[in-house]
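Take a look at these structures.
Below are two complexes that have chain A in common, paired first with chain B and then with chain C.
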Partner chain A sequence: MANENENIKIVKDATCTFCGCVCDDMELHVDLDEKRITKAKNACVLGRAWFAEHTIEDAPAAMIDGKEVTIEEAIEEAAQTLVKAKFPITYGLSDTTSEAQREAVAITDYIKGNIDTTTSVCHGPSGLAFQGVGESTSTLGEVKNRADLVIYWGGNPAESHPRHFGRYAVTPKGMFTPNGKKDRTVVLVDVRKTKSAGVADILIRPKPGKDFEILWALRALVKGNKLSANEGEWFWGVNIEEETGVSLETLTDLAERMKNCRFGVLFFGMGLTMTRGRHFNSGALLALATDLNKYTHFVAKPVRGHGNVTGADNVVAWQTGYPFGVNFSRGYPRFNPGEFTTVDTLSNGDADAALIIASDPGSNFPKKAIDHLKNIPVITLDTKSTVTSKLSHVAFKTATYGINTGGTVYRMDDVSITLRPAFESPFPDDETILKKIKKRVHELTLKKIHPGGASGEAKVAAVNPL
Partner chain B sequence: MPLHLKLHTQPEVPLEADCICPDIVQSLKNNEITAMTVFHGNRQVELGEFFECNGSFDGEINIDGDLSNIKHVGASMSFGKITVEGNIGLHTGAGMRGGEIIIEGNASDWLAAEMQGGKIVVKGNAGHMTGSGYRGSAIGMQGGEIIVHGNVKNETGHVMRRGLIAVGGDSGDFTGVNMLAGTIIVLGRMGIRTGAGMKRGSIISFNKAKLLPTFSRNCEYQPSFIKFYVSYLEKNGFSIDSSYLNNSFERWSGDSVELNRGEILLSTNKSK
Partner chain C sequence: MVDKMMLIPGRSSKQGTSLNQGKLKDEYQKITSTLEMNKDDMAKRDLVDGDKVRMWNEIGETIVSCVGKKPEDLSAGLLFIPYGPPSSQLMASDTAGTGMPLSKHMMVEIEKVK
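What follows is the complex of A and B.
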């Protein structure tokens, strides 16, 4: 420590909410005078940056059209906007607590809106595939203790989830993997040679966009079927190696390794879900894992990005029955990705108001969607000033989950983890704001249903004083 | 004289008008028809706020205007006829059991999704998921005919169980994916991964196609039933080069990771 007189608090077993690994073994050194984290022991390079950059900024807690207002005024305006809308959409939710996500679902239900999470632009296709094919699953703890064949497909965890190798899947010593990495075979399937390639015992580099063909060929090889591609008949005019960039020998070897391992795991990333074929790519991989269970134990897990995106899927599925892309406009939940997912509701010009929570679609959506977002009233809740918050009608600045506020998040293997906040923020958290918006929205919708009658505004106000 | 509905006000947000269906309008007077409930986003409003209603229902409904933002027209209909003089939005004819829908313009996604019977003719193009199942459904189209003169996009006939889909133009990727049975005919070119995971059923194309390595070639032959299909499609307004009639077809069977009872027939001596 640089200065012994500093007011330092040490938070043990704190949780990093930057990525889907949700590592809960952090030791945070917090400078309470300056309200910042000075040291994050055990954190990876991404975690250290996450903890270091979330300091308390001097900014208004609530703004309407760029002008500072009180939080109450902003809540009133947000509620009025949402209730007036005919097709309001709720989006984001992956970087906030599950408690806040629950409030967002309730608001969407009251306003008969459309709720979608960032899942729809990352592992949404996997969500469809789970529904279509099913998922053979496990926790990361089981992977650590049992897996002797670890396959990463279409991802670069060394740079996106730096502790995935060390904490869960490659090097840790487990109950049945006492020698750590020596007891495991690591396979990496990626179109590029990334930094993750260093840990791989076998590196497979297919041509881009050929994952489905390779997975399908592997399924056939696992089942002992012949591949017609190598019979030299009129076919693609090429054999499987020319088509996919992977030789039949490599695929046969991989299929044999998969069948003969004790516990295999397929981790798949967005290289699979966001390339041509999308949910069928994920579906092919999940079907391969299912097929392999005829021979050995095999599981497939998506490697999730945002800290609580898994929680968003879990909460939305728990409350509505569907994980993302859910519409309430007829009063009951309907699920239809492609129609009710946010890129579509914005690009088609359907949405007429948006509630964006802890996400920045303004900087990463297609241009058509952003153009529409600029034309409708947007309400944002974010810890930082973003492109989306700048174009917002109502913008709330909130406390950071895991640093300033407690709550629950879900790790990428659907294990829930409780947060230990490091220091207090002057800004309210997402849950508090959303609860207030929910209450006001509920009052306004009841008022619409019972205008002026005995069960009208007065009665509601008596039950729920603001 | 058919019932004539004319769109006079373009909805601001999508309009769900599943009441535009012969089963519902058959017993209603015109003023009752304009008072039918439609969903304008999350608001329940009367059909008359958007449509002008003339004529009287004699088994046929005629709809006019740019209907690309109108969803669920003719959903679950069981008889009668709907003619659409333009483009139409999502879910047209979804789950229909009988009757006929004729679309002069383009149709959008989920055209005739989970259709059980009847006939849909699209003079323009159709979107994704034509004649497919909804997400999570094990079975899609279970009967009837979909005839598209233009192109269709991805996942045409996804988990199809029975019936006919005929496409005059090209189809996108995953044509007939996870198909259980039924027939898909594509006169143009098919995208990649045709018939992936198909159990049974026939996919017929008059062009070459890239197939998955899990399909195996059986033989080259001249299936006589193709002639019946060709003459039926010509009756429906398709113009098919007569040389196709005597073409031989490559028969491929698959998908070997599933039942391997499906067939893909690809015309041999003609490619566009």
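What follows is the complex of A and C.
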């Protein structure tokens, strides 16, 4: 779909990979001489910055301890580092293609390491809740076409996912919502009055940390149970409004709206997963959505942050059986959040080498985890310099997915989308680098297992000793 | 005054646009070092927009600038900051068996930096 016009190329139906909305209706105007995107039609404020700021920087493609080296030298050093480590960890993966994610899983398998993604510090608790409670789910297309009650809980999409309202859930006209916003009731539940409040018909502001209590009370109200014998009180005689900041009247009204809508959706964000209760909060919301299917059609969707964090969950799950926090040290995958998740492997001092792909834990992790990261050899692949790349032993500068490279990403509703790159980068992409590391790591691990170059039955016996 | 307050790190539009420029650039550093605070709480502490405050808890400390928000937008006792390196300084590493540190609702104390 690219049209050549002198030095300006127009790429239609390109995809923005900045956030989990993964809007695939971009029209990019690319200055091929300058190697930059000059206009991104249909992009939101975040998308415009994403396309405008990802230009070709004058920087080394590979560095070891801050000194420029060839890519081959960096790959050799990265592979040697990972193979020598006793507890190597792989982390990040939410801002790269699913093709690259697959290579990262293979590397971790070969080195008997630990693989985790940014999901663990995002909707990881929701991932636990999915396993415990289940998920009544849908695509965003179904939401657009059918939803007449849209509830955002613990998030601020106006600032984090600006097109979520306009493209998927609030204003678009759908098959059974021909009048767009007029056909929908929008509810926002948040402790702050954010910019998202502008679209809300009903704004509910609970006290911080009371989401679980409110969700559980809603479950009771939906089922027609009284919260207490005394009006306005809760099970143990506590006034519900004093406890949660939300009146019984408001909750009763919301429960009735939920039961009586045609198609309801609960979008939920970090306000549930990053606060006390974590997976219990997400689990309560998922259980509420499930309960509501006795009365109407109701779904729940986590609003995902990074462009391909949903792909990371999918790829790691179909490669290992688990979505994040997976350890291969015994030669087979084991899942244990709290032990094999990256904040834990770093804070507890377990990890002795790290392969970080398209992520910056050195900036956003707890202090104790960052302190440990500074004391172990780190290998990074990133499009820009970050705190993590600065502290790295080996640092690769890579091409930007969706702008310089094609591939596959998953939208927040698990719909896979093929990328249309805009212009070439002199830097290799993540998949290319990871494939080379994988090849070398495989050679080194085979050498470790068969130092004498054993063959045939001897190889099998060495791998599977009786 | 050293009353405990509740810090909520989160995303903002400006944080999102500035991180595309680069996390090591001045703009990102400035945005992730700007603390939003209820105007009444600021007045009680003799703070005006742009003042530096020291914010700390049992994990660590950081120094940021503060800016006032209307009380109807940000309740008394709450603080908001676009998440980044300063807020990470205050985050505990315990994940309670989930992998997720408590990244919001951190109890902190603040004082004006004179």
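Keep in mind that, in the parts below, the second predicted complex is superposed on the first by the 437 of 466 C-alpha atoms of A that agree within 3 Å, B and C clash if a C-alpha of one lies under 4 Å from a C-alpha of the other, contacts with A are read in each partner's own complex, and residues count from 1 in each chain.
The rule is short, and it goes like this: a residue touches a chain if its C-beta (ideal position, glycine included) is under 8 Å from a C-beta of that chain, and two chains touch if they have at least 3 such contacts.
Quick caveat: nothing in here was measured; it's all calculated off a predicted structure.
In this overlay on chain A, chain B fits alongside chain C without clashing. Applying the stated contact rule after C-alpha superposition, one finds that A:Ala49 touches chain C and leaves chain B untouched. After overlaying the two complexes on the shared chain, residue contacts for A:Val191 are found with chain C alone; chain B is out of touch. In the superposed model, A:Val387 makes contact with chain C only, not with chain B. Comparing chain B with chain C, the partner in contact with more residues of chain A is C. By the touch criterion defined above, A:Leu128 lies against chain B and chain C together after alignment on the C-alpha atoms of chain A. Residue contacts after overlaying the shared chain place A:Met274 against chain C, while chain B stays out of touching range.
The vertex angle at chain A, taken between the C-alpha centres of chain B and chain C once both structures are aligned on chain A, is 80 degrees to the nearest 10.
Of the two partner chains placed around the shared chain by superposition, chain B and chain C are both touched by A:Pro337.
Touch criterion met: A:Asp350 reaches chain B, while chain C stays clear of it.
Of the two partner chains placed by superposition, A:Ile64 touches none, neither chain B nor chain C. In the superposed model, A:Asn156 makes contact with chain C only, not with chain B. In this overlay, which is a superposition and not a single complex, chain B and chain C have their closest Cα atoms 6 Å apart. Residues common to the contacts of chain A with chain B and with chain C across the two structures: 128, 276, 337-338.
Note for the complex: chain A touches chain B at residues 85-88, 111-113, 128, 131-132, 212-213, 216-217, 219-220, 223, 225-231, 233-236, 240, 276-277, 280, 287, 291, 328-330, 335-339, 348, 350-352. Within the complex, the chain C residues that touch chain A are 6, 8, 10-13, 16-18, 20-24, 59-60, 72-75, 78, 80, 83-85, 88-105. Contact residues on chain A toward chain C in their complex (touch as defined above): 18-19, 45-46, 48-50, 52-54, 116, 120-121, 124-125, 128, 156, 159-160, 162, 191-195, 205, 208-209, 270-271, 273-276, 278-279, 305, 324-325, 337-338, 341-344, 347, 360, 363-370, 384-387, 390. Residues 12-14, 16, 39-43, 90, 109-110, 128-129, 134-136, 173-174, 177, 192-193, 196-197, 210-217, 250, 256-257 of chain B are the ones touching chain A in the complex.
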